[in-house]
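Letters A, B, C and D mark the chains as written, and numbering starts fresh at 1 in each.
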Amino acid sequence: MIGEPQPVRHPGVFRHPVVMRWGDCDPAGIVYFPRFFERFHDAMERWFEASLGVPYDALITERKLGLPSVHTEADFRAPCRFGEALVVELRVPRLGRSSIELGYRVVAEGEAEPRLRGRTVCALMDLDPARATHARAVPWPDDLRARIESFGVGVPGPA
Amino acid sequence: MIGEPQPVRHPGVFRHPVVMRWGDCDPAGIVYFPRFFERFHDAMERWFEASLGVPYDALITERKLGLPSVHTEADFRAPCRFGEALVVELRVPRLGRSSIELGYRVVAEGEAEPRLRGRTVCALMDLDPARATHARAVPWPDDLRARIESFGVGVPGPA
Amino acid sequence: MIGEPQPVRHPGVFRHPVVMRWGDCDPAGIVYFPRFFERFHDAMERWFEASLGVPYDALITERKLGLPSVHTEADFRAPCRFGEALVVELRVPRLGRSSIELGYRVVAEGEAEPRLRGRTVCALMDLDPARATHARAVPWPDDLRARIESFGVGVPGPA
Amino acid sequence: MIGEPQPVRHPGVFRHPVVMRWGDCDPAGIVYFPRFFERFHDAMERWFEASLGVPYDALITERKLGLPSVHTEADFRAPCRFGEALVVELRVPRLGRSSIELGYRVVAEGEAEPRLRGRTVCALMDLDPARATHARAVPWPDDLRARIESFGVGVPGPA
């Protein structure tokens, strides 16, 4: 297949489109920064369903596993404005025994640099009062670990 | 006590002070209107604790009673701006067998007219799966009804 | 074409799909009701762009026209739960000289009744300090009125 | 005054009380973490007014200076639950030429460890289109720098 153009693939990247809405923006006309952490969480929820094949609500209500954040951070390079159509990119830099690190970039079509970067570390918690490990961090079940690894962990990409 | 000034009393009115924050306001510099419904709910939560002596979380987690809204509405007369210190007034126009109507006014010190008025009708729902009335509207328990009536129901006041 | 089934058309209805997210829901596991007013506003913003061909941000930042709500209300029939995929339907029951009434229904695929209904009346306000009508309600410009009428005003439909 | 107990003073600490509300909490009954960044911002707004004597809205609308976040982060140690009364503590670990670092701790009365810690770095931006430095980071005006230093910068305290 030498010489043929290859389809651009993005292994290990989930893209969640967002439009910055009126209610996301502050009196300076730019997105009020706590809203980005909501959009990060939304992206993670959709990623579970679209990329892992596990609806996030099923994770919690059926499997009784939760993913509370233990650390989160963001670096804001350029403001996002009312009405802009952007993409939240989600990557998985690291998958721990009972944790996961999610990396986020908010990008605009055609721009070399992301508007902001974020990172969240979540622990996998047992929410089931009937289990001995209730309210404790638990190892990833094999099927979930396999699905996340299949999506791509630590895939080299933009910083 | 003829001739002596009487203290101004407001039976049946609970006053919840709020300051309009940066994150409450939209790019036009005024409060994004869905935020007022959050402030109404906050006022109701504090009213339970301060006026009825029942912390709202105890109502739900201990007594396993919820108060979902079945109707809500608001009329916006004048905008509220970033940085303004205002008061959410809560009244109880009507107390039903298993419902309550809460009336709200958002007022600024020294102004004759409220900036907005609101009204919410909530049903008292049984949240306890162990009870036969689970997920159904239930009559107010006598102690709660007595506390609400003691606060003041249908007290004449500003429209 | 007598006797042939006609495609189901929905003139005068804009459908805005939403998924109820973790952050929209309260400790009872159902959507915290002020969030619906945010979703109504989101639907209106997208309707401007998708159905009227006028991005909502252009309305405000370029044409310097705003649409503050003067009245809003909602009736909640059945709760919406975490993870549910629903549709916000937007209709235009009435178009006034300098106002618009927007009707909303939140529906689930395959259900006869909507989960909730809403209604908002907005005034068209002049936001341009350089115009004599600044901060006053102004009549709809002809092109906007024509676009809204072309979408469909007062089209008979579900209550 | 040797031997006399000294009043416990907290120079360089601003305490902003918060109550975790129904709408702040997620279906797991704990505070949805993006809400903490809103509470951090609220604390900063009140600190400007209460500790520096400069209402935050005056900073922006009168002096035309903004404080966009360039970095923010938080470490979550223990969950905060619906109904809890907590305190957001604000400190100023560092004051730069045209930036400020704000440190936050969310603490519960009587607990040795904070529930979470946060940190935000903000740049001081010129919002005035009439100034040559518009949309650029600008040095702190002398009066604001003096007020912040008087509050206390880099005061040793809990990590």
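Going forward, a contact is a pair of C-beta atoms (placed from the backbone, for glycine too) under 8 Å apart; a residue touches a chain by one contact, two chains touch by 3 or more.
Note that this is a predicted model, so its numbers are computed, not measured.
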item	value
Chain pair with the higher count of C-beta pairs in contact (B-D, A-D)	A-D
Rounded Å distance, chain B centre to chain D centre (Cα mean)	29
Euclidean distance of C-alpha centroids - chain C vs chain D, Å	37
In chain A, residues with contacts to at least two other chains	22-23, 27-28, 32, 34, 38, 41, 60, 82
Overall pattern in which the protein chains touch one another (line/ring/star/complete/other)	complete
Residues of chain D that touch chain C when the two form their complex	22-23, 25-29, 32, 34, 82
Footprint of chain A on chain C - complex, ascending	19, 21-23, 38, 41-42, 45-46, 55-58, 60-61, 81-83
Of all residues in chain A, those that touch chain D in their complex	27-28, 30, 32-35, 37-38, 41, 60, 66, 68-76, 79, 127
